[in-house]
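Two complexes, one shared chain (chain A), two partners (chain B, chain C).
Let's turn to the complex of A and B:
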C-alpha cells in the first residue's frame, strides 16, 4: 500500500494549512471530551474550602484522598452511613457471575445455532435476537413478579438472574456471528476424528474464541455494572448495586453539599468498567474486527 | 482395505432431488473418482459415504455391511477436505494425532504412528508448527497425515487440490497416486477437474444433476463416452461435435459432412470403421460425429496406407493457436468450429486449404436427440 503522506507533490503550503486546521479541530474536540473527567478528578482531590474558594478548572493544591476514603467507607446512603463499600461488593457479586454465566451460555448457544444446525435454527436465532430490542422498561413488571415467585426479590442472586436473562440475546448474537465464520469443515473433520458435541466445543471452538470472549465480557461487564434501572427497581436498602447507591449518596445531603465526596464516589463507581476497558480494550477492537479464522 | 457398495442411493432436500438413485460398486483397493461440475451432487454423495449427511433412500455398504445408521466416527473412514480443515489452535503433531487421541490410543502408540505418518509425508520437521505457519502444500500434507495415521478402511477426498496453485497441484496429485499405490486402500475422490480424474482413478463416475452418466475406467470414458455430456466433459481441448448425415457409398457406410475447401462449399464422405457398419437403420438420418482433436491431424500418406480407418479430407484453415508441442488448428466442419491437433511443422496458414486425415476408428457417433452414443 502506498504511503499517502509521502506521495510526490503532496507538500504544498495548502496541505500544511489543511493539516494545521485538522489537528486544531481534533485537539479541540479531544479537550472538550476530556474536560469533564478532569474536573471530576481534580474536584475529588480538593477539600471543601478549596472548592468554595477556587474556580471549577483550577487544579488541586495537593492530592487529598480524604474524600475518597469518606465516599468509600463513611458517606451516608439514605439512613445508613456505610459508604459505598458494601454496595460496591454487591455490584461485584452481581456482575461477575452474571457476566460469566451469560458468556458461557451465549457461547454454547451460538455454537449450537451455527455448527449443530437443527430445523428452524435461524428462526430461533431471529427470536433470540428480538430480545436485544426489548426495552428494559417493558420487562420490569413481569420480571418483578417472576423474582417474587422465585423468592429472589431484593437479592443479589435475583439481579444476577435478571442480567443473565437480559444479556443472553447479546452474548448469543456475538458468539453466533463469530462462529458462523468458522468453517463447518472443522466440525466435520472433528466428528470423523471421533469428537462429540462438547469435545468439539472445548477442544476446537473455545481455543479459537478469545477475541469474541473478550468482546462479550467487556460488553456484558459494562452493561451489567452500569445498570441502574434493574438495580433501582428490584432492590432496596442493603441489596442495592453501587450505581443505585451512588445516586442515593448524592441525593442524601446532611447539611453542606460535599462535592468532592460526590465526585470521588462517582469515580469509584466508574473505576471497574474503566479498568476493564483499559486492560482489555485492545482485544475489544481486535475482536470486533476479527472476521474469519485463517488456517 | 474395503469394498464399498452404493445401492440406489437418493438424497432430497424438501422437494429438490439432489441425488436420483446412485448405484456404484467398488472392489478392494479401487480408486473411484466422482467427477462432475459444481452442484451435480458429488460432494453430497461423499458426505453421505462419510456419514456427515443422512441418506433419504437406498443403502451404503462398507465391507458388505449397511452403514446407513452408523456414526461417522464408527465407519472407519478418513476424510481430506478442500479447506484442509486443520485445527488452527493445535500443532501439526496434535492435528495428526487428534483422531487417535479421541480413540484413546496410548500416548506412546500415538507418537509412533504420528511419527510414521509425518515421515511418510515428509512433514516431520514441521511437527511443532501451527497450521497458520504452513504453506498451502504443507497444510495439504498435514491434512493427509491426519487421514493416514488412522489407517482407515476407506479414504475420502473432497476436492483436496483445488486450493493449491497449478504447479503444486500436479505435484500433490502424483503424491496421492503414490500414496494409493503404496497403501492399496480404497479411495473415493471428488473433483471437477477431469485431468485429476483421468490421472488418479481406477474408475470414474461422472455425475450430472444427481445422476451417473457413466461409470467406467478412465480410458473407456475417454474413448467410448456414453453420451455427449461425458464426451464434452472429459478431454482438453474438448471433443469436437460435428453434425453429419449417415450415407452409403460403394457399399460402405459413412458420414457426409459439409465443409469449405479451395473456396468452395461441398460435402466430404468419411467411411465408418467395421464395428460401426451395422447401423444401417441410420442411413439418411442426421447424427453427431464426435472426434477428439488429437485424432484429427495433417495427412500422412504413409500412415494412411497402414491404417485403413484413417480417412482423408481437405478443409480451409481459419485460426492457428500454437501451444509448442502441437498447433491447434481451427477449421469449420458441418457449420461447427472444430479443433485439429497438428504438428507445428505441418501447419498451413489461415485461409489456405490443408490436407487432413481423421482416425474414424476412434470416432464416436451420437444420436442428436437423446445425445446417447450409437
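Let's turn to the complex of A and C:
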C-alpha cells in the first residue's frame, strides 16, 4: 500500500495510536497461531507429573526426549506396540513414488495439451480438471473393491496408485497453466528445425520448468503426506500411513493416558511437511494459491 | 499445433513414423486420460449405481430405485450431519474470511517483520488436519487444558467443556478449522492487496478520506473476486471435512458433531450399509457441485470480461 507516513498529517498522535493498535492486533493473532505449536512442543518435553501439576503454558523443567523415543519406537498402535517408526516409513515409501510419478505424468500431459494441441484438447483438459473438485467419498467404495481385485488392498503400492490417480488432475492443472504462458513460437521454431515431441520437451520446456516443478512437488508432497481419508479407508494394521497410525495411537487407551507421547507423535508426523514449509515457504504459498483456484 | 508446417516438410513414405509424429501428443495424454475416465468418471457411475441398489455388506447390482435415498433422508443422524455442515460451514467460512481479510489489511500497512508474521499465520496450512485435531483436543481438554490454565490464574469459576458438551462440540471444530485455514485466506487477500494501485490510496488520503474509509469504500469492493474465491474454496473444504472431526471430536459426544463425510465412512466401512453410504456420497457430490459450478461459471465470466 501507499506510504502514508510521508504524506502531510501522516505523523499525528492519532496515527501513533493507530500503529500501536495495529501491532497489538498483529501480535495477538500471531499468538493464536503460534501458541498451539508451543504448547504441543512443550507438552512433548514434560513428564506426566509435570503435565498433571502444571498448566498448558508452564514450561518443562528440562528438555526430556523420553516421550519422543517412546512415540517413535514403543507406543502401542492398536495391538502392536512398535511406535510410529514403521508407519512413518510406510508414508515415506508411499509419498516419494506417488509424488514423482504424478509430477512426471502431469508435466507430459500438460505439455501435450498446450504445445501440441490436438482437436478436443481443451475438452480433455476440462474433463481431467473435474477430478480436482469431487469429494473423494464418491470413489471410496469402488476403489476399495478395485484394490481388493488387484490384490493391492492394504498395501503401500495400492496407496501409491490411489494418490497418483487423484493427484493427476492437480499436477496436470499446474503444468498446463504454466506451459500456456510459454510462447508457441519457441516450439514452432524447434519443429521447423526438425525436433520431435520429446526433444522439444527435454531441450526447451524442461529447462524452463524448475519453478513449476518445485511448486508441484511441494503441493503433492503435502497433500499425500497429510492424507488421512484414503489411508483410513484402504489400510489396516501394518499397512497404515503415519497419519492414520497417529490417530490410532492417540485413541489407543491402555492404562494411563500419556499426553506427552501423543504430542511427540503429532510432531513426528508433522515434521516432514513443516520442514518443507520452512525451507520452501515461498513455493508452498505459490502452490496454495495456484492449487486453490480450484479448491 | 504446428501441423501445417510439418505436413509440407515430411515425405509421406513411412506411414508408421508419420502416424506417430501426428499422434504422439494424443498418445502421451492417453494414459492420464484413461486413468481419469476410469477412476473418476467410472467410479462415480459405479457409486451412483450402487446407491440405487439394496447393497449391504457386499455390492449387489439389482436395481432398486430410490430406496436408499428415502432411507437416508429419514435418518436423524443424516439430518444431524447436514445441519452440522450448515452450522460449521457457515461459521467457518464467515470467520475465516473476516479474519483473513483483517489480517491481510493489517499486514499491508508497511509493518515490521512482515515476513515473519506471514510465516506464522500460514504454517498451520502445511500440517495435516489429524495433527490439528490432536493438538486442539489437548488444548481444549476439559480437565488439563485451557480450563486448568485459567483456574491457575485465579479465575476459579472458569469452565470450558465444549469438547464433551454435545451442544458445543461442533464449535470446537470451527475453532480448529479457522486456526488451520484463515492464514491461507490472508495470503489470498494479501496477494490481491499488493495489486491495488497505491496512487489511488494516496489521492484519496490527500482528499481527506480516513484510512478505514479508504479501505471500506474504495479498496475492499475491488477485492470482490477474492471474496468469491475464498468463499468457494472454504465451502468446498467444509463439505469435505472428515479428518478434523475424526481427530478432534470423533463425531461425538454421541453423534452430535458428525459431518456427512463421517456418516458416509461409518455406513460404508463400519456398518456394512454400502448402498446407504453410496447414497450419502452422491448427496455430497451434489452439494459440492452446487458450490463449484456457480464458481467456475463466475470465474470463466470474469476472465472473459477481463
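In this text, the second predicted complex is superposed on the first by the 273 of 295 C-alpha atoms of A that agree within 3 Å, B and C clash if a C-alpha of one lies under 4 Å from a C-alpha of the other, contacts with A are read in each partner's own complex, and residues count from 1 in each chain.
One rule holds for everything that comes next: contacts are C-beta pairs under 8 Å (C-beta built on N, C-alpha and C of every residue); 3 or more make two chains touch, one makes a residue touch a chain.
Note that the structure is predicted; figures quoted are calculated from it, not measured.
*Asks:* Taking the superposition on A as described, I'd like to know which of chain B and chain C A:207 touches: first, second, both or neither.
*Replies:* In the superposition, A:207 contacts chain B only.
*Asks:* Mind working out whether A:188 is in touch with chain B, chain C, both or neither, as first, second, both or neither?
*Replies:* In the superposed model, A:188 contacts both chain B and chain C.
*Asks:* Please work out whether A:236 is in contact with chain B alone, chain C alone, both, or neither, and reply first, second, both or neither.
*Replies:* Once the two structures are laid over each other on A, A:236 reaches no partner at all.
*Asks:* Considering only touches as defined above, state whether A:16 meets chain B (first), chain C (second), both or neither.
*Replies:* Touch status of A:16: no partner.
*Asks:* Tell me the contact category for A:199 with respect to chain B and chain C: first, second, both or neither.
*Replies:* Touch partner of A:199: chain B, not chain C.
*Asks:* Tell me which touches more residues of chain A here: chain C or chain B.
*Replies:* C
*Asks:* Which holds for A:122: it touches chain B only (first), chain C only (second), both, or neither?
*Replies:* So A:122 meets neither chain B nor chain C here.
*Asks:* Would you tell me the residues on chain A in contact with chain B in one complex that are also in contact with chain C in the other?
*Replies:* On chain A, the overlap between the chain B and chain C contacts is residues 188, 191-192, 194, 293, 295.
*Asks:* If you look only at chain A, which of its residues touch chain C in the complex?
*Replies:* For this pair, the touching residues of chain A are 1-5, 7-8, 18, 22-23, 25-26, 29-30, 32-34, 36-37, 39-40, 43, 51-52, 55-57, 105-106, 108-109, 111-113, 115-118, 121, 124, 127-128, 130-131, 133-145, 164-166, 168-169, 172, 184, 187-188, 191-192, 194, 196-198, 222, 225-229, 232-233, 243, 246-247, 250-251, 259, 262-263, 265-266, 269-270, 273-274, 276-277, 281, 284-285, 288-289, 292-293, 295.
*Asks:* Would you tell me which residues of chain A are touching chain B in their complex?
*Replies:* Of all residues in chain A, those touching chain B are 183, 185-186, 188-195, 199, 203-204, 207-208, 293-295.
*Asks:* Any idea which chain B residues touch chain A in the complex?
*Replies:* Counting only chain B, the residues touching chain A are 47, 50-52, 72-73, 77-79, 81-89, 98-99, 102-103, 130-132, 139, 146.
*Asks:* Looking at the complex, which residues from chain C come into contact with chain A?
*Replies:* 1-2, 5-6, 9, 21, 23-26, 28-29, 31-33, 35-37, 39-44, 46-47, 50, 59, 99, 102-103, 106-111, 117, 119-131, 134-139, 141, 144-146, 148-149, 152, 179, 183-184, 187-188, 191, 193, 196, 198-199, 201-202, 205-206, 211, 229, 232-233, 236-237, 239-240, 242-243, 246-247, 250, 260-261, 264-265, 268-269, 274, 277-278, 280-282, 284-285, 287-289, 292, 295, 299
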